[in-house]
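You will see chain A twice below: alongside chain B first, and alongside chain C after that.
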Partner chain A sequence: MARGWWLRQRHYFLYMVREFTAVPMALWLLWFLVEIQRASNGPKGYYPHSSPGFVVFSVIVLGFALYHSYTFLSLAGVIIHIKGVSSRLIVLSQFALWFVASVVIAAALIGFAR
Partner chain B sequence: MNHEATRQQKPAFAHLIWWFLFAQGGVVAAILIPVHVLVQGILGPLGIVPVVDRHYDTWVRVLGNPIVKLYLLALIALPFYLFAHRLRYFLVDIGVPAARTLPAQVIFYGGAIVVTAVTIWVLLTTAPISLG
Partner chain C sequence: MAEKRITIRATRFDPDKDRAPRLQSYDIPFSDDSMVVLDALNHIKSHVDGSLSYRWSCRMGICGSCGMMVNGTPKLTCNAFLRDYWPRSITVEPLQNFPIVRDLVIDMESFMHKLKSIKPWIIRKQDYPLGAGEHRQTMDQIDEFRQFSECINCMLCYAACPVYGLNDEFLGPAATALARRYNLDSRDQGVKERLPVIANSEGIWECSFVGECSVVCPKGVDPAKAIQQTKLDTTMRFVLPYGNREE
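After this line comes the complex of A and B, so read on.
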């Protein structure tokens, strides 16, 4: 197979983008693990990340993360089969679950900051 | 049950575990990661909203909660089983056939196990468990 096979068709390219989403998400989670670990340095050793570079990095990661969410949750209609329930409804329920979870987590992350 | 049948069941069982971890990692990544990146990586650092990890006191208090520790373990560790699988195939697809081999599998899935172990260690050593 030629090396650049995935550049020839949009469909193949998007498949590779989906596989690649693992890299930025992994980097962000490793950063998050460091953020947790830094809390053991005591109040003086703790300072939150605020650099523009970190925000830009997060924006890029968010793009890839959203693409993973979109493709993965859309697959639920293919994977999950419930008699009498259309695959469209199953996919919709997955997106609804994603939305509710996001609102709850955002509320917790912001609410516990006070 | 003859020996042949036993032999055939073993790899299927291993597959079940890896596929379960892969699928769970996929679900966790899809449902939980975007909101964390948005709130902790963008809105918090820009000062648009207050976020729990922006201050030592609020961060340590939350990190001490055992339920939060379990949640963070799932959030951070599970996606790495998805990442390991995706990255391995990404490498195969861009023309690195070595990523198919057994040593590559040990490195990638072993890497996910290492991340799990490190996450457990970090969560247990960072903030003492408290129910307050």
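After this line comes the complex of A and C, so read on.
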């Protein structure tokens, strides 16, 4: 198979983008583990990274994470089979759950930060 | 008015003479809007070059034997209309990801072996005696597997699957869809006989859900769905108590 097979069709290309999103997310999570280790001595003396480069990297990774989540949840209708329930309804319910979970987690994080 | 014509570029390969496949151009009349790529190939064989080799049989999207790459996309050539390509030329190549036997004919041996390995027939622990009458099914029971029974083994899904292109040991889309067709059949009791083939490392877990198999399927079978649902089922069988109960 030719090395550039994934450039031959839009569908293949989007598939590769979907798979590739895992790489920056893994890098960001590695950094997150380092930060947890840095914070292990308690809040005293801990300052999170806030350099512009890191903020830009985080925003880009957020974009990848959102795209990955979107593709993952869109495919849920293909994977989950519930008798009498349409694929479309399954997908919509996944997105609704995603939204609710995001709001709850955001509220919890903001609450803890105060 | 000048006769409408179209250029067909077809792969030619004679294993006794050629080192590699090459494309040969044929300029043929495009006389009727209902003409399909298979008609064009038949015209070439009948009127231009009788040595062109390719498979075909029914000419109506049922037998699954005329699958080829048409302008880089796996298609049944009996269902690829010239009017959708004209005035551009059409490149016809053998299904990719398979060895070429000659011209547009591929070697299907690997696929036939995979197909047989999933035991695509109804397996009973005890034969259902003829005297016992019909083995009845409700419409709901038929609907469980009907979609997957539409597969015509045309192998377009294998040509579209980059995973199979990179690893020809992969069980692949059609074989898994057919395994699911029988596993979902209320008359069948062969799930445990098929599991070692479909749930091994070259089976469903090799699939990374590209999804192109379902896009190219001419019968709307959706093999990607069959594979992902089988992943879910086998995981549930493993995780849940009584998951491996006798069916």
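Criterion: the second predicted complex is superposed on the first by the 109 of 114 C-alpha atoms of A that agree within 3 Å, B and C clash if a C-alpha of one lies under 4 Å from a C-alpha of the other, contacts with A are read in each partner's own complex, and residues count from 1 in each chain.
FYI, a contact is a pair of C-beta atoms (placed from the backbone, for glycine too) under 8 Å apart; a residue touches a chain by one contact, two chains touch by 3 or more.
Predicted model only: the values in this text are computed from it and were never measured.
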Chain B versus chain C as contact partner of A:Trp6, first or second or both or neither: both
Partner chain(s) touched by A:Phe112 [first = chain B, second = chain C, both, neither]: first
Touching partner for A:Ser93 - first (chain B), second (chain C), both, neither: neither
First, second, both or neither for A:Val55, with chain B first and chain C second: first
Between chain B and chain C, more extensive residue contact with chain A: B
First, second, both or neither for A:Ala39, with chain B first and chain C second: first
Which of chain B and chain C A:Glu19 touches, first, second, both or neither: both
First, second, both or neither for A:Ile80, with chain B first and chain C second: second
Those residues of chain A which chain B touches in one complex and chain C touches in the other: 1, 6, 19
Chain B contact footprint on chain A (complex, rising order): 1, 3, 6, 16, 18-23, 25-26, 28-30, 32-33, 35-37, 39-40, 42-43, 46, 48-51, 54-55, 57-59, 61-62, 65-66, 68-69, 72-73, 97-98, 101-102, 105-106, 108-110, 112-114
Residues of chain C that touch chain A when the two form their complex: 72, 97, 162, 165-166, 208-212, 215, 222, 224-225, 228-229, 231-232
Touching residues on chain A, where the partner in the complex is chain C: 1, 5-6, 8-9, 11-12, 15, 19, 75, 78-81
Footprint of chain A on chain B - complex, ascending: 26-27, 29-42, 44-46, 49-63, 72, 75-76, 79-80, 82-83, 86-87, 89-90, 93-95, 115, 118-119, 122-123, 125-127
